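Read through the structures below before going on.
Below are two complexes that have subunit A in common, paired first with subunit B and then with subunit C.
Take a look at the complex of A and B:
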């Protein structure tokens, strides 16, 4: 059986903000990818930025990031 | 067909626009509805279109570009979302019904509305705006160019006045987007409303608002957004704030391709080309006996020439041009009732020739010859 691993989840208020995040991360060479918001974070729908929790510090500073709804760490089967 | 009704819609689209729509119709899912590959490709494309629109109109934040079906929806959103009963609004006689009807509706609900009058040439005196400002004036709503005469309004000056008095400035750039340099910040524009299918040469059913920082518009529509599902009201963040329901992703793909095409050529080049054609037509017909041209041709203008021929019903002239010369123009009232009243053309209407990027000098020559023949009858 697959094991759950800890993931860093950054959520946004809008889809456009998630798209802006993807562009900025690509530009700055930051790790991660877009994926669905885990239900354990919120029952609302939406797209989140998934990354490794060890790289959390990379996302905690930077004026050009779109507004985050929140930053979470959750256990997930997803890679 | 010689198509000279570009002020209504551009019929000739750049091939890249058609290709982009076709490609989108085989690949796009629904933006923001899940994170599957189809949904993500739609979300990426639409965000990229926001970036292109922000670049075109010089808006800092692409997330404040909100897509609508057309200028009418954009203007309704801006007007109903910013102006309240008891507020005073200043507008002009040059406006289209997409501005006038929302304002008349608000007027019936208790908003005060003043219109800057147009003179016999169809011009307004911008300096009069300052004398019209009241304690409760909230906004100036005005077009960049009359869709009937092609006369311009100096929106940079209007923006300066709005900034000086702390007013909102809602600009309708339906007739100028794509062929004029429009800079939201430099022009002091609070909300810029555009349509995709005219000078921008995109598909019908596209348009939008660019909203300056600090301007909070109440949503006109509420509904599905793909985010904040359990929130009972429309999410307050732009662009979702003003975008309920599935976006026209296929159309927006075409609009983005069209804006990229224009940015590549340059709005100055397009404007120069269209102006040259319109000026050649004006010079060719203005002295024909029985032809009366409306508008001010002394300076820069949108590529529109509106005229009447003797006592002909304008619709009759449109029909002759269509049936006998295969030339498409627009007659009637052009959804611009105050402009026609100012020009004294309510009864006769007017015949509007409007030129676009894909028109040629030969189109102009044939149109001149057609007017000459009709005027001689």
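Take a look at the complex of A and C:
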């Protein structure tokens, strides 16, 4: 049976910033995908960037990303 | 199964509770297929406050007060009550007004749309197709970078403004009932005892706040991310209402003669398409706007006020449909609404960066 795994969730102030994140990551070949903000992170029903926690440094040290609202690590069934 | 319930349990529970609450409220007095309708209820509140003078739709609906207050209580309990706002409030007010114009063309918000489907009203299926079409239109702009700009932290006082006003006005309607309009006949006159409506609203508001229930978000997440958890709530409401109506003998499939509805398919489609598009731009359906307003989101509070003003416009300028069908003025207003949706979508997608 599939178990919950730890995911890195990056949230933004606007959906446009999340879309910009997708473009930047695609251009730079960075890992991750867009997905809904998990219920446990915020009550907003916004859009977040989903990646693996071991890739956190790529996003914390990278430049010219859209402004992050927050970076979280949550257990999720979603891959 | 464990995984499914862990992901979807709260949203399924919310959908089932909304369905049962809608059936109960209708059984105890609300108009048929209108156990819950955010658009209709805000329209009734607009009438109660004398913002319009259509005598049949005036009543300060306690369900709305309950939804906002219920969301506020659970948000406080979960430490999620946060003052937040400043994201293009004037535009949100205008979009909120046009959400109401679209909803009153169809005669219901997205929540009533699914409740109508659950009652066998096939006109609402055309509304649903329009709603999805409007959402898809909005998603095109979302993907191209549409944003109403970011929100900023607001004080608790600012955040509590709208919930407090609703609660205080509601208390006034109980203490000084003569100061407010109340329908003697028509949909506005049909309601259960106020405490029943209030409790139903509180429960639904609290659950929606915890589950993040959103009609628009469910379809958006399904289309954009193949994430179907929010849309499960949608499905749960329909299934619950169908089963309930079958048990109560109030499932009447068909197009003609449906309660508080008309059978003009094109305008049912277009009305809900406008609601879908505007709601994507606003970031949530009318129900979600109430919940976010209860959580302290002042942008949603402005949207709710816009919807109340829009309802007044609808009835003062003859824009709202009736069982006889849409009006000419209503059709013009919906077309104008599409022009506004297109203009706002374009202006906030291809904006010049400072």
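Following the convention adopted for this analysis, the second predicted complex is superposed on the first by the 78 of 79 C-alpha atoms of A that agree within 3 Å, B and C clash if a C-alpha of one lies under 4 Å from a C-alpha of the other, contacts with A are read in each partner's own complex, and residues count from 1 in each chain.
Throughout what follows, a residue touches a chain if its C-beta (ideal position, glycine included) is under 8 Å from a C-beta of that chain, and two chains touch if they have at least 3 such contacts.
This structure is a prediction, so every number in the text was calculated from the model and none was measured.
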| item | value |
| --- | --- |
| Overlay on subunit A: subunit C relative to subunit B, clash or fit | clash |
| First, second, both or neither for A:16, with subunit B first and subunit C second | both |
| First (subunit B), second (subunit C), both or neither touched by A:56 | neither |
| First (subunit B), second (subunit C), both or neither touched by A:78 | second |
| First (subunit B), second (subunit C), both or neither touched by A:35 | both |
| Partner chain in contact with A:66 - subunit B first, subunit C second, else both or neither | first |
| Intersection of subunit A interface sets (partners subunit B, subunit C) | 13-17, 19-20, 34-36, 43, 45-47 |
| Subunit B residues within the subunit A interface of the complex | 31-35, 40, 43-44, 46-47, 50, 62-63, 225-231, 235, 237-240 |
| Subunit C residues touching subunit A - in the complex, by the definition given at the top | 2-3, 6-7, 10, 75, 78, 80, 142-151, 209-212, 214, 217, 221, 224-225, 227, 230, 283-284, 288, 292, 295 |
| Contact footprint of subunit C on subunit A as seen in their complex | 1-2, 4, 13-17, 19-20, 34-36, 39, 42-43, 45-47, 77-78 |
| Subunit B contact footprint on subunit A (complex, rising order) | 12-20, 22-23, 34-36, 43-47, 66-67 |
